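Shared chain: chain A. Partners: chain B in the first complex, chain C in the second.
Presenting the complex of A and B:
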């Protein structure tokens, strides 16, 4: 029963990781911007949701909308006023990364100042587990997390493969010059990518606010997982990032059946290390020759 | 004539500077190495509220003849950041006295304190090793070994809870508590079923809850701190764990006392008679309530006491005409022996740690209650 419980927990955590990782992978894959502040979009969405629901006592649907707007605005503003100017001055990949990292620290401190540095959570009966079988406890939030992850992922795949904007976004990662030749604006497409990528962090943020709770530093952990999932899944592959997110969640939880909890986070990076060693292109990444 | 007026101007300037220097001769800065950011940043606010009130009182009483100020550095509750902050305080600010917090940070900075003869005083970390960090490291808080030894007999004998699971953060504090539980539980007639270590950065505890449930203990002792202990309590309760929670002073912070999932949890803390009518305690409690509109906690009193201790020692040194250095502060502490502090008279043991009675508290959702007074 312990194994089954850990398997269910692993799928739930993995679904959240997949949602976060897909957003990061979409941005990184399309724009080649190492958007370290993706974790901050997650933090902002989670805290706005917490503030609207728990402090302002606003209906949760409006709070979801508010959190989504906040995360998307953050992504757009960051791209327009930080990344675009740096790229205009031909700033290196590393410059963009440092700027993004700095924004992450600023957001963490701002959240601490605005909402306090203590642990907070959105109280919801959905986070409370029910005993389905003797010794097997599952919270409604677990099912919701899995359903949302599947819906978002399928929706994203359809958007990228069936719409002109989606196809242009995919083309952006391949050849920005060609996109320009077709009369499309790479900058405008980048804005769409940032809006969509930041929006993808919202469901995981809301589920975390109700499930595991929040603190201003939560974005760093999110970012580590996103990065690991992007590499394990294959850079630029959304399918790979989603599968890797689930794999990491499963590995983290199933390892508890045999190892000390101390090792559960390390397992994530052992998986990452093994992929870098034996399959550097990840699950679905393409092998490129330099 | 021009030369004469220049000489007068220079003289006036020199006198002004000298007067200004004399006016600030006794201005003193001390350091505080607290987590001001990261998952344990809330502790910085809590500790700082006690420190700032003590500074206000010392300056209002003109205890030092000059102004006392605090230079805060962010340790993030991490040893590496703590060492950087300590180096800055000691080498750049040249402070003689540093307030420290968290076992890992305190252990990391203790060597710098000894090497530079700077007094470091801890009011929050409770790892038993902190009693052995040299004569320049003092503890204004009873350490975890006393807390564990106080709660285990209570749970085993009075609450008839014999089977324990320990969930501990993998750092010097958690390891020290594990060691203490392994030693104390069999003696008291209890049993440690599982000791589950978690990394300090872990935030998901659903899987660990499954392990705890499988062990089926009577008590879950949580040896963590900050946001993580709140997350453990919430996620364990959400995952169907109904057993008793127990912990140490870390559970005394407002955030966990306000958490609905933590209601019923038992934790140890030092006994501070908040109702005491001695002038130091009464002034502290009254002014704290006036300023923050809530009751202080043991941590806040400890850091108030840490700063007050500095004020009392420095006052003695200034009276004797001695410079306020770490070396002189240590000599003065050894000479003075007892100090009037919040909670009563305080005596330091030879290892620089105060001994205080321990009480057992219960979180009741209404500010907490004492379920077993100290010394019973």
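Presenting the complex of A and C:
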């Protein structure tokens, strides 16, 4: 029964990781920007939601809207005022990484100053667990998490394969020069990619705020996971990132049956390390590692 | 005031050793590791363990710390030989997270989250270094050899091989250079010298715990190298001095709420990283373009 419980928890956590990883993978895959501050979009969305619902007592639908606007704005502002200027003179991978990490530090500490460093959570009847089978507790939230993850993922796939903008986004990852030759603006496209990618972090952020709770450092953890999922799944493959997100969620939770919880992050990274050594292109990725 | 300056100068020396050794692999071998704090940590924990259980003589502690860190650095060399770019970053990130978990969970050796306390002062031929001025001298006496060793190595054929590999691995291979051995050597040397900084830190603080060896430290070290100028000799030192002086400024601003000083310092670090990357990505000593080494600087 313990294993079944851990399996269900694993799928729920994995669904959230998959959503965040897909957002990061979308941004990284199409623009080649190592957006380490993606975790900050998550943190911002979660704290805005918490602030509006639990402190300002506003209806949750408006709070969801507020959180989405905040995350998307963050992504757009970051791209316009940090990444674009850096890429103007040269887009060295590490320059972008350091700047992005710096943004992560700023957001984490600002949230700590504004909301305190302790764990907070949005109270919701949805997070109350029910005993489905003897010894098996499931909250309605885990069902919602899985449904939302599937809906968003299918929606994203349709958007990327059916719409004009979606196809242009995929083209951007293949060849930015050709995109320009077709009269599209790579710059405007990367803005759209950032808006969409940051928006994908919102549902996961809200579900975490209502479920397991959040603290200012949560973005950091989330970022490490989505980075790992992107590599394990294969850079440039959204399907891979989603599968790897679920896999890492499962690995993290199933490992609780044998190891202490402090080891869960380390286990994620052992999986990542082995993948990089033995299969650097991930499950579905093209062979890009040289 | 004097005590404050001495403390700052000692910490600058220790961090400069780390930045120089990181620059050695980042700027010259093209191995962008964000696990450097782990070798710093391995050095510090090994030094503390040896000092507590055997002898505090620096002639025993520092070599042992260097050996252990050098041996463990082979784990980092493994992915460095197979992948480049973001894949290697992810691998070194994995190593960093793994290392922090081991530091905080291997309680019988590292003392867990509480860390190791009561590390005896450094001992040189039976003379205990307790005075801050003497310790600063010791730190300088470690910084200078590290600087000398790295610059001599970089001027030698080994350094030219490293740069050749950084610029084109296949070209170096075609010239008959053993790429795998040269890369592994550079990682091992860098980790061994970083362990010297770790040992100094353990002796200086008398107390260590995992907090000093987290991802933030690795990124801060990376920021020191990049801000100072990757692939230059003076760059890492300039970057270290700059980033170490930064938090001190805020301690003098008495109008800031004292409880938030830590957060404000962190925000200032973050902001400095972002702004410098936008306006001066090649570093202060660099030529404006990172990863391109000036002939004179080398």
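Quick note on the criterion: the second predicted complex is superposed on the first by the 284 of 290 C-alpha atoms of A that agree within 3 Å, B and C clash if a C-alpha of one lies under 4 Å from a C-alpha of the other, contacts with A are read in each partner's own complex, and residues count from 1 in each chain.
Here is the rule we go by: contacts are C-beta pairs under 8 Å (C-beta built on N, C-alpha and C of every residue); 3 or more make two chains touch, one makes a residue touch a chain.
All of these numbers come straight from a predicted model, not from anything done at the bench.
With both complexes brought onto chain A, simultaneous placement of chain B and chain C is prevented by a clash.
Of the two partner chains, chain B is the only one touched by A:211; chain C is not. When the two structures are aligned on the shared chain, A:92 is found in touch with chain C, with no touch to chain B. In the superposition on chain A, no contact is made by A:63 with either chain B or chain C.
In the superposition on chain A, A:247 contacts neither chain B nor chain C.
By the touch criterion stated above, A:112 is placed in contact with chain B and with chain C alike. Of the two partner chains placed by superposition, only chain B is touched by A:137; chain C is not.
In the superposition on chain A, A:262 makes contact with both chain B and chain C.
In the overlay built on chain A, none of the stretches 21-29, 75-83, 165-173 or 201-209 of chain C clash with chain B except 201-209.
On chain A, the surface touched by chain B in one complex and the surface touched by chain C in the other have residues 108-109, 112, 260, 262, 265-266 in common. Interface residues of chain A facing chain C in the complex, by the touch rule stated above, are 28, 34, 82, 85-86, 89-90, 92-99, 101-106, 108-110, 112-113, 220, 224, 227-228, 231, 235, 260, 262-263, 265-266, 268-270, 272-273, 276-277, 280, 289-290.
On the side of chain C, the complex with chain A involves touching residues 32, 78-79, 82-91, 93-95, 97-98, 101-102, 104-105, 215-216, 219, 222-223, 226, 230, 260, 263-264, 266-267, 269-274, 277-278, 281, 288-291.
Those residues of chain A lying in contact with chain B across their complex are 1-2, 5-6, 9-10, 12-13, 108-109, 112, 116-119, 121, 123, 127-131, 135, 137, 139, 211-213, 215-218, 221, 252-253, 256, 260-262, 264-266.
Taken together, the chain B residues at the contact with chain A in this complex read 37-39, 41-42, 44-45, 170, 196-199, 201-208, 210-211, 213-214, 226-227, 230-231, 234-235, 237-240, 253-255, 259-260.
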